[in-house]
Each structure stands twice: as C-alpha cells, then as structure tokens.
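Presented below are the structures under discussion, each in the form of structure tokens.
Common to both upcoming complexes is chain A, partnered first by chain B, then by chain C.
Let's turn to the complex of A and B:
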C-alpha cells in the first residue's frame, strides 16, 4: 500500500511543478526556471520547519511567497528575450539556483546532531512529518489537498477573463498590446504565480522525501516541468495532471522492468504521444467533450 | 483630436515617414492614402507606440502620447485594426472581445464596482458589438475558424470593445469583394453616427472617396497633398504619384 501512497505523493508534487510551468507557458514563455523556483521552495520550506520550528502550512506558504518574489524578479529581464533565448536564459537561472544550494551551508545544533543544508551533502533530516506522527496516507492526502486547491484555483482563473488575457498574450503579443493589455504586467504576474506554485511543490517535496540535495533540481527536473503542460496540452489544467500520470505513473513505473533501456523507450513514447495528439493529451476537443458530459455551458 | 507634429521614422537609411503633420478633428473620417511603402502603416504603428519615433510628436486630446507604450495609447482612447488580420485564433469570438474589454474596466471604476456590476455592462456591450459585426450567432466559435470577411469584422469589433474615441483602420477592405466593401462603408458611416472619429488607411479608392471627409496623401513618407476627396481627385501631384494608373 505504501508504494501507492508514495506514487500519489510523487504525482501530486510533480503536478504542482507542471501547473507552475503551465501558467507561464500560457503567456507563450517556455521557462526552464521552474526547477529553480521549486528548489527555492524546497530549501526554504525545509529550513523553516527544521531550523525555525514552524508549522508545515505557514512554512510552505512563506517558502512559496519567497519563490514567487524571486520569479517576479526573474520575470523582468525575461521580458526582453523570447523563444530559444528565453529557454537558455531561464535554464541558466535554474542552474544558478542549483549551484547556489550546492555552496550553501547553514547548520545549527538540534539535540546532539547538526541540522540544516550542508552544501554538496544536501539537506538531511527534514523530519517534520515523522516527528509529528503523520502516516504516509496522511501525507498523501495533505499533498493532494494542495494539488486540488491549486488546480481549482487555476481552473477558475482559466475560465475568467484573466485566462483569456494570458492566452491572448501567448498567441500574439502585438495584437494583445493593441487591445490595451500591459504585456509587462501580464508576463511578470504569470511568472510570479508560476513561482508561487513551484515553491509550494518544492516545500512539500522537501518534507516527504526528508532529504534533498542540489542534484534533485537539475535540468532533468526542469525538463519534466515544461514537458507536462506541453504533453498535456494548454487547453486545461487537467492535461497537466494526465501528463504527470502518464510520465511518472505509466512510463517510469510500468516500464521499470526494462532497466536502463527504459529511458530510451521513455523518450520515444513521449515523441509518439505528441505525434498522435499534437495539441496535447487533453486537447480542446477533449475539454469540450468533458464539459458536455458534465452539463456545463460551452463557453 | 489627434495631432501629428513633424512626425518622422527612419529605419536605418530608409525614411519611412518624414516630417508628417496632420490634424484630425472630432467626429471626422480621415483618409490616409498612398502607394505601397509610402509610410501609411508606419504612421499607424507610430501612433500606437509599436516602435519608437525618430522625431516629432503624437498629441491626442491635448495629451502627449509620443512613444507611449501601446496599452497606454489604448487607455487614452485609440483603437486599431491590422493590415494582416491579427486575431487571437485559439480564443472564441466572444473571448476576443472579452480580452479587449480588460483595459476599459480599469479605466472606468475601482475593482469592487467592476466585480459587482461591470461584468454585466461589458457583456451587454460585447453583444451589441457582435450584432454590429454580424457575428451574433458565431460567438462560441474559435476565431481561426471564421471566414475571412468575418475575421475582418471581428477584428474591428475587438478594437471597438476597448471603447476607443479614435479608431485606426489599417486597410480594412484588403481582400474584400465589392459587396463586402459596400457593407464596410455602411459600418464606417454607422460608427460616425455614434460619434466615432476614424483614421482610414486604405488602397481601395471607391471606399476612401465614398466615406471620408478629408484625405491626406503620402508618397515616400511625405505628405504631398491634403484636402476633401473631390480636391484630391483633381490634384495633379496626387495623380502622378498615385492615381496616375488607377481609375479613380
């Protein structure tokens, strides 16, 4: 049973990561910085519970706010570059964050052991959940409460005018400006929201693995983050969830028996999925079908 | 209402617009014509803040809008359409208008009143615009699935959704057939009835001559003539520069 709870936790955290990239991608920005924001959330969240002794919820929120602020700051220079240049710039930022944590030491004595981030050795003993007697099931439920809250919030935003404005910017910046949209405000806000969600995801991640190190937050994670909304499609937040389940649940787990060959097939299957459903697993047609099914209006 | 003062734009060595001065009065339909590459679209883009001016000034209702960012130009009350249609293709017809209303609300009221009552008013206005553009039955359709003529009408409606006082139409008749042009002329006149001021950049002479009050003619970025349609038709400089081969 624990295996399934572990799976649910992983999928939940990666969904948050994917959602953070989704918001930014709506405005047409391909950001490879999401793993960096995720790392900031993870380290700060861990430090707030372990070193400052905060409750998990305020620790997560504070870590997410810090991530959002950093993301906003990154958002301004990112406005000046587009397309591949933005990919490279955000990738560089993500790596800079990773290197920062690689060099960052801040330990204090707690009982007879030293706790806190210790450079390349990572940040061990983030034991908030076990110390407070949370079971794996409790943690899984806790994570999913956040995931559902984030998905509902983004779903609602997507249906509101804000969603259309973000998409308008993603489609045609010149036209968006011509109808009075402030590009700077929209793109930087999207970065900020994305940073917040990534920070939340990171803070939870740090607590359920109990041990983080800089290598967790490298290019592979950044690639996953952006792959989820691309694979899932930009028509709805549901797509992100489906893509995470497809990659983390199906590709990673089901193909485990293949050993090292898995990674090869893994890439091939993503390419295949993109070819079969070019607009993502959950495209506009699927959204409409679902809306009809639920009896909602076709807005 | 709109005043261009010695407006210039150079792209490297190319003088796209050179020392252009124009005054457009309230409620006027002003035509801007000229051969291809004479600087008409550049002028529109300069007014809208798409790229910075080389020199000169854009003054709208007494306020200096030179090099103001696009969204501020829209907030000041200037709307535009594009020569090559630029709709949000993956949004529905309705959402295209909805997006354009975004800036209006911020100008009108605080967020609380916007929340409480603004939405409904915006919706009514958008429905009115759809009727005006003849797209009432297409509101749920994706913009990219519309026919060419419908897209042109939607783009005009979208520009109006931001409630401009001055509308810049950049070759709205391009690619239209005679019947569609006739309908366009009717729409332009209807807008004037509602007090809209319009700057019409156009190639199609029958439309420009038919609906405008005054016309300015550009050639190589410079204004070579200005006057009422009848005067322009007679102007020898214009005839050689532009109308010489066209049957005006």
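Let's turn to the complex of A and C:
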C-alpha cells in the first residue's frame, strides 16, 4: 500500500510543478525557470522547519511567497525578451539558482548532529513528517489537499476574467495590448503565481523526500515542468494532471518492467506524442468532450 | 613589479585556453542560430545530436582504429545523419504554428539520443582520440596546448567552409532566402522543406565536429556532456544575437575565455554562475545581443 501512497505523493508534487508552468504558459511564455523556483521553495521550506522549527504550513507558505517574489523579480527582465531568448534567459536563471544552492552552506548544530544545507552534499535530515509521526497516508492526503486547492483555484481563475486576460496575452500580445490589457502586469503576475505554486511544490517535495541536493533541480526537472502542460494540451488544469499521470504513472512506473529500455522508450514516446497530437494529448476538443460526458453545457 | 607581473600571467593563460575551447561553443552556437534563422524554431536536441555523432565516430576509432582526423570527420558525417533524423522526427510533420510542440518533440529527441548513447556504452565514459595532445608550444611566458590549438584551427576551418557555403553557393543563397522570407523564397521556386532539411544536415555536421572537439579536448566522451553543452550553446546564441553567425563566433570565444578565467579565480563549481550573470547583463543592457538586429518582423 505504501507504494501507492508514494506514487500519489510523487504525482501530487509533480502536478504542482506542472501547474506552475501552466499559468506561465497561458501567457505564451515558455519558462524553464520553474525548477529554480521549485528549488528555492524546497531549500527555504526545509530550512524553515529544520533550522527555525516552524510548523509545516507556515513554512510552506513563507517559502512559496519567497519563490513568488523571486519569480516576480525575474519576470521584469524577462519581459524584454520573447521566444527563444526567454527560454534561454529562464533556463540560465534556473541553472544559476541550482549552482547557488550547490555552493550554499548554512549548518547549525541540533542535538549532536549538524543540520542544514551543505553545498554539494545537499540538505539532509528534513525530518518534519517522521518526527511528528505522520504516516505515508497522512502525507499523501496532505499533499493532495494542496494539489486540489491549487487546481480548484486555477480552474476558477481559468473560467474568470483573469483567465481570459492571460489567454488573450498568450494568443496575441499586440491585440491584447490594443484592448487595454497591461502586458507587464499580466506577465509579471503570471510569473508570480507560477513561482508561488512551484514554491509550494518544492517545499512539500523537500519534506517528503527528507533529502534534497542541487542535482534534483536541473534542466531535466525544468523540462518536465513545461512538458506536463504542453502534453496536457494547455486547455485546462485537468490536462496537466493527466499528463503527470501519463508520464510519472504510465511511462515511469508501468514501463518499469522494461528496465533500461524504459528511458529509451520515454524519449521516443514524447516525440511520437507530439507528432500525433501536436496540440497536446488532452486538447480543447477533449475538454469539451469531457464536459459533455459530465453533463455540463458546452463552454 | 616583477611579482605583480607573475600574478597576471596565470589568468591570461586561462583566458587564452578558454578562448580556444570557446571555439567549440561557437560551433554549437552557430548551429542553434542557423536553425533559428531558417525555421524560427529551437532545436533543443542539437547538442545531444552532436555528442551522439561523436559517439558514433567511436566505431571508426575503436574498430577501424582510424587516425584522429578521420574520426573527427566521421563524427561530422554521423551527426549530419542524426540532424536529418531529428528534422524528420521533430520538425517535418508538426504544424508550423505550434512552436511548443516542436520544442517538446526536440526535448524528447534529446532524451532519446542521450539514452541511446547510455544504452550503447552502458553509461561508461569512453576515451576519445586527440591530435597533438603531447605538443606544448612555448611562447614565453605563455604555453599553448597543442590539442587546443588544433581544435581552434579546425573550428576556424569549419566556420570558413560554412561561410563559403552560405555566401558563395546556390545552396547558401536558398538557405538565406528561406531565412529572410519563407513565402517569397517559395515563390521563387526554393523548396522550403528541402532547404530546412539541408540546414539540419549542415548544422548537424558542424555540431558533430564540435562534439568530436569536446571529446578530443576533454579526452573522454560522456553522455553527461550533452546538457551543459546545450545550455552553453544557447547562452552563446543569445549573447551573440539571434540569427547572427559572426555574433555566435565572437560570443562563443568570449564565453569560453570568461568561464575559464572565473574557473581560475572561483573554482569549477561556481564558474557557471558568472556565465549566467554575463548573460543577464546582456539581456538587460543589450537584449538584441552583440550583432543582432532588433527584430521588426513577427
């Protein structure tokens, strides 16, 4: 049973990461910095519970706010560039964050052991959950409470005026600007919201793995972050969740029996998926079909 | 005064070494820039394909024990073929108005190429041949490593050939025409698909040479080289100005020297932070890059 709880935790955390990239992608910006925000959330969240002794919820919120602030600051220079330039700028930022933690030492003595991040060795002993007697099931439920809260919030946002504004900027900046949308405000807030969600995800991630190191937050994680919403089709938050289940559940777990060949197939399947369904596995038509299936009216 | 002079020599030496190594970054940057110029798309699988081509050339080295120069050329040829495969798999059939799909497909291809390499070599680094690696040229007070000089020379030759192809042949005219105005080029009877495919093969060959140079200067090949090379190549592309070949060359050499001098002062773990800072300085103060023009179309 623990295996399935572990699965649920992993899928939950990656869904948060995917959602953070989803918000930014709605405005047409490909941000490879999500892994960086995730890392900031992870390290700060861990430091707040381990070094400052905070409860997990305020620690997560504080870490998320810090990530959001950093994301907002990154958002401003990012506005000067578009397309490939933005991809490279955000990629470089994410890498810079990773290397920053690689060179970051801050340890204090707690009892008879040293705790805190230690450069290349990473940040060990983030033992908030075991110390407070949380079972795997408790942690899984805790994670999913956050995931569902984030998904509901984004779902509601998508249906509201805010969602239309974000998508308008994503579809055509010039047209959006000409109807009086403030591009700077929209893009920076999207980055900020994305940073907040990524920070939340990172803080949970640090606590359920109990050990983080800079290598966890490299380019690969950044590409996963944008892969989820793109594969999910960018039409709704459900797509992100389905893409995470498809990648982490199906491609990683179900294909485990294939051993070494799994990773090979992994890349090939992504290439195939984008050729067969370039709009994403779960595109706008699929969303409408789902709505009809659930008895709702066509949006 | 004399002591002061000696403190300067080592940093200058590392800048020189770095600049010669930077010619590899320049080659990768040219590849990104050319594909961007022609298709307005990013091929994230490019550096992985370059390393993949270098790996393929190991067959020539290990089984036929060919001389180093032949191995390098094999790497270029193999990478050209991989470039064509990447084009077919990730760019040919995906509609042009969906840049995210091609981006993602090329990421999938990056993973695929990396994994094929890991699978074929069981993840172990492989030794790679070099030329003149026992030569040290003494131009007092500096030393020039023979293998680095060789890399620099080969890169320059490759760049000159590329510039000749681009500016002196019909193929190059076609490529530049498609880059400038795709529909007008098509009206003049230039096949867009063929031109794109040829661009991928040419840049692939260039990348394969770069991959071989990496192997020759480091002495080993490892699949772990692909991602850092991708990041550096993209940084070089942006610093040089998107679509600008001279920009990519200058930026590659600049980044190479810059990173090596910071490696000398701050160590290998911190040096990339300063490369990223250099990029941010450019993005803030000169977002169009060294030689780029501010794009008015789009």
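Just so it is clear, the second predicted complex is superposed on the first by the 298 of 299 C-alpha atoms of A that agree within 3 Å, B and C clash if a C-alpha of one lies under 4 Å from a C-alpha of the other, contacts with A are read in each partner's own complex, and residues count from 1 in each chain.
To be clear about the criterion, contacts are C-beta pairs under 8 Å (C-beta built on N, C-alpha and C of every residue); 3 or more make two chains touch, one makes a residue touch a chain.
Model, not experiment: these values are computed from the prediction.
When the two complexes are overlaid, the chain among chain B and chain C that reaches more residues of chain A is C. With both structures placed on the common chain, the touch criterion links A:165 to chain B but leaves chain C unconnected.
In the overlay built on the shared chain, the residue A:77 is in contact with chain C alone; chain B does not reach it. Of the two partner chains, chain C is the only one that A:218 touches; chain B does not reach it. Look at A:88: by the touch rule set out above, it reaches chain C but stays clear of chain B.
Comparing the two interfaces of chain A, the one with chain B and the one with chain C have no residue in common. Put simply, chain C touches chain A in their complex at residues 36, 40, 42, 89-90, 93-95, 98-105, 107-116, 118-119, 227, 230-231, 234-235, 237-238, 242, 269-270, 272-273, 275-277, 279-280, 283-284, 287. Within the complex, the chain A residues that touch chain C are 25, 30, 77, 80-81, 83-85, 87-89, 91-93, 95-96, 99-100, 102-103, 119-120, 218-220, 223, 226-227, 230-231, 234, 260-261, 263-264, 266-271, 273-275, 278-280. Interface residues of chain A, counted against chain B in their complex, comprise 161, 164-165, 167-168, 171-172, 174-183, 284, 298-299.
Of all residues in chain B, those touching chain A in their complex are 48, 50, 69-71, 74-75, 79-80, 82, 86-92, 94-96, 98-104, 140, 142, 158-159, 161-162.
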